[in-house]
Amino acid sequence: MTDMLRVKVKLGDNNYGKADVQLFKVFRDTPRHEVRDVRVRVAMTGDFREAHADGDNAGLLATDTVRNTIYALAKEGFASSVEEFGKELLAHFVQTGPRVTGGFAEFTEHLWARLPGEGDAGHDHGFVRQMPKHTVRVETTDGQTFAVTSGIDELSVLKTTQSGWAGYLLDERFTTLPESHDRIMATVVTAKWEYAAASCDYDAVWQRAYDQIQRTFTDHYSPSLQNTLYRLGEAVLSTCPEISRVWFQMPNRHHLRYNLERFGLENDNEIFHVDPEPYGLMEAWVERA
Amino acid sequence: MTDMLRVKVKLGDNNYGKADVQLFKVFRDTPRHEVRDVRVRVAMTGDFREAHADGDNAGLLATDTVRNTIYALAKEGFASSVEEFGKELLAHFVQTGPRVTGGFAEFTEHLWARLPGEGDAGHDHGFVRQMPKHTVRVETTDGQTFAVTSGIDELSVLKTTQSGWAGYLLDERFTTLPESHDRIMATVVTAKWEYAAASCDYDAVWQRAYDQIQRTFTDHYSPSLQNTLYRLGEAVLSTCPEISRVWFQMPNRHHLRYNLERFGLENDNEIFHVDPEPYGLMEAWVERA
Amino acid sequence: MTDMLRVKVKLGDNNYGKADVQLFKVFRDTPRHEVRDVRVRVAMTGDFREAHADGDNAGLLATDTVRNTIYALAKEGFASSVEEFGKELLAHFVQTGPRVTGGFAEFTEHLWARLPGEGDAGHDHGFVRQMPKHTVRVETTDGQTFAVTSGIDELSVLKTTQSGWAGYLLDERFTTLPESHDRIMATVVTAKWEYAAASCDYDAVWQRAYDQIQRTFTDHYSPSLQNTLYRLGEAVLSTCPEISRVWFQMPNRHHLRYNLERFGLENDNEIFHVDPEPYGLMEAWVERA
Amino acid sequence: MTDMLRVKVKLGDNNYGKADVQLFKVFRDTPRHEVRDVRVRVAMTGDFREAHADGDNAGLLATDTVRNTIYALAKEGFASSVEEFGKELLAHFVQTGPRVTGGFAEFTEHLWARLPGEGDAGHDHGFVRQMPKHTVRVETTDGQTFAVTSGIDELSVLKTTQSGWAGYLLDERFTTLPESHDRIMATVVTAKWEYAAASCDYDAVWQRAYDQIQRTFTDHYSPSLQNTLYRLGEAVLSTCPEISRVWFQMPNRHHLRYNLERFGLENDNEIFHVDPEPYGLMEAWVERA
């Protein structure tokens, strides 16, 4: 620090670890393989004051060691869900890092469907990548109890009718938008949820929540993205007793009816301009009452 | 141009138009809707010398007009494939632009599957976005005959076995890679193809080529990405007589067996590091002999 | 919600608004123009239960109105910093939205330098885009008092020497990394800070913090990214009394010495492979003691 | 290839190699370091029929060997410009690959400026990343003569006045855009150029072209992006006799005057919406007459 009077400072909340570890695990049953494809971030919290303030690394595990550990524990463990693997990783680092008291692990799982095979069950060892993604966050402050959040990323859905926007508050100066009773509703759902119990069949719950979100999106006339969001939450909580509360972020991917009347053409909700920016953005938790 | 001696220059090959037009068309049959979701670029070629050299815009259509035209013609035409819509657009601009003699239209079509509905046929008006994408390029020099290219983008596939890399040329100084007889092969297929005839059922051909690429990827032991590429081409040409030749770009998305033996663990092709960069990259045309 | 028993649910924390509003303001002094180029998100919090649960929009301002308001208030206000503009926006929405009790505004400002002009002061109305970016978040729960955070995004820096990594904790099984006493240190700094007072000259503080970060990055031998992070924090707090605490996120953009000895070549820290993934990732607050 | 009648096919144009090799070279003069930071793609052409058609790899160098070679030759050569390094790489592969007859090398160079140091000359070994980027493509069909193209990527510029759009062609049906005599002109310049001679001081020419593009962008009233493009070309060719012709791609990054009159506010070219899509897109070569 050149040419300045130093003031007294201290370290606040901090963490460190390895991010964007690209781990791929094959489960080689004969003849049918399964795959797990995850991007992993592991961050440790604890007493790292000396490393920061004094440049003394004696209490720090190298992030390269964190990486090695992720791959090694993926071999020794990671037998079921990504969520359970997250707990295994954090328990390990709290146990083996003398200064580590907690941390978090974040995962983005790319999902792969089977390529076509000889029967209806798909190919044994050939796969094709799917949208959306499965997300997981596991956090601990003691290495023994874990807060788990699971979710969905990049689920892009739309419906071409059964949606409108009317009866809203008018700002006397700045409201110019006309009402609509038949519009396209399009969004990219990001969801995450917390669990009621310390453990459950995470993959089964994810599949159930994912199916329910897809079904509920179309089962009603939508007066607003907010109301559809709430209905998605209600459906997830109703079908997944394992989930205690669920959060959604839903951008309104505006599909604007293009003004063709200027050209002597009628546009009966056929031709739209997809406007990527700006977008309405809604976020909410839906909880058990 | 400040402070310099001007040399004599002239305009070379040039084009202009509108890019990234986000067009969405709904076909509202009752009760079942269909959708087309395309990003469009239209570029015109012709005699635009005066605009460039003299700043005289009299011969230039505004690109805003190009945009309006794309939406209007999408209403009046665009009854079947994206490829035919490309021809309609280019024919229009050559016909109405006094200085326009040709041009090209490029499309990236986002594909939407139906959300689950009551039966097996999917929902009537609810959709979920899919990978991969459908690409199209149409080009003309006269507004009447058209060179059409169609393709596939972002088809991400892998197989967990039945692939190796051996028997290759050794550079005495720089070759360090060991042979492999059982590896993961992963790639993101980009394909494009040209047609033998002036027109055909483009959507049907696309679906057939797409299915064949997915099936052929797994139907052989692959000694190299080059050989698999060639087999994909052979399969497409064998099942699609409408296609005259086909090109592939296939990166080798390396899945590297992680060295766990250092930690006293066996890694029997179970645990891999996905290395995003660098990657082997193969490009080739496969043609009728 | 088809085919299920509804459980009782309620709305939890929620907000909505407009995101990715791309606002550009020109200050047209004669002859010298200034520009502000910001991406804006405004989110409102309050009592929006009826809209979510009952589909009654009477309490909701359209996000389109939010957009109009942002542009209109940018004309009427936005006379000084982005931070003050954030306060103006939030104060407005709390005042005019009957159900709005608070909210937050987030900005990413693209910075433009002047193109070369006749003298040293740069061009009067010509600009060229710069890295890094200026970020701002303003939050309120009453529309009258505001928590302001400012920061820096995408400041990509490196030093080719005066950095090492040694003396770290060895995991007996999983540590394989050798020590280094002369390596490249490269990172992309993300910083954000909070303020000690309700208001200050935000632009001047940003410039001072930005300058100090750039200077401090090179003024010491770095035993770890953590120590450099801490020194950056100490420098910012020492030169900016307006700032109460500062947070950094710093990935370790690994530059790996390429093993050329295999080829009979010495590599005296000359030839490196830049490994984009995975990366070490450090986050910490530095606070006044 | 399952269940189909094979047709006869043959291999067409093809190439393979390594892409996205992230090479970083430090020139360690004492005390002042220089750096080169390039993303490299090398593709080889030649007789690779047997590998594709027969699965016989005997004529193929592994792309991993290509990577090793790039790093090794960066140590042994790469003494001056990226362009000369491209020639060295291609000459090597044609010379050592028995089936290789030509190929191309593509580079994207990230540019780093010096961080502030003690004097005005900047820091000796501390650097900060800059926009834009330097691009290079070198191609050969014999390993001895080379076609070199250099260019600029992501040069984002704008001017807040001295630009308009008027006098353009009216389409009687589809033109709705009003004329403008004072607008913002913003673009992201992509340029590339060819050389008159087999070799020259590539870095000096790049700097001269880059400076000239920045200066010329503001030195005239612009009636169209096409005219400004042409003037940039004229300026480059006038100041760089080494360059034989130059190509530009320039999107029109529309800054749309926001309609504030609806709200009783005047908008004297102060408040703009930046519309990222769609955009006008212009491409042209400017050549010596």
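So that you can tell them apart, the chains are marked A, B, C and D in the order they are listed, and the count of residues begins at 1 in each.
One rule holds in what follows: contacts are C-beta pairs under 8 Å (C-beta built on N, C-alpha and C of every residue); 3 or more make two chains touch, one makes a residue touch a chain.
Here the structure is a predicted model, which is why all the values come from computation and not from measurement.
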- Task: Compare the CA centroid of chain D with every other chain's and tell me the farthest one.
- Result: A
- Item | Interface with more contacting C-beta pairs, comparing B-D to B-C | B-D
- Note on the structure: Fit chain C to chain D (C-alpha, same chain sequence): the rotation, rounded to steps of 5 degrees, is 180
- Note on the structure: Per the C-alpha means, the centres of chain C and chain D lie apart by a whole-Å value of 29
- Query: Once you find the CA centre of chain B and the CA centre of chain D, what distance in Å lies between them?
  - Reply: 22
- Item | Whole-Å separation of chain centres (CA-atom averages), chain B against chain C | 36
- Task: Mark out which residues of chain D touch at least two other chains, giving numbers and ranges.
- Result: 22, 68, 72, 173-174, 176, 215, 262-263, 276-277
- So in the complex, which bits of chain A are touching chain D? 173-174, 176, 262-264, 276-277
- Item | Sites on chain B touched by chain D in the complex | 1-2, 4-22, 41, 43, 48, 51-65, 67-69, 72, 96-98, 165-169, 171, 173-177, 212, 215-216, 219-220, 223-224, 226-227, 229-231, 233-235, 237-239, 245, 247, 251-252, 277-289
- Residue set of chain B touching chain A in the complex reads 22-28, 33, 35, 37, 68, 71-72, 74-76, 112, 115-117, 123, 125-131, 155-162, 184, 211, 214-215, 217-218, 255, 258, 260, 262-263, 265, 267-276
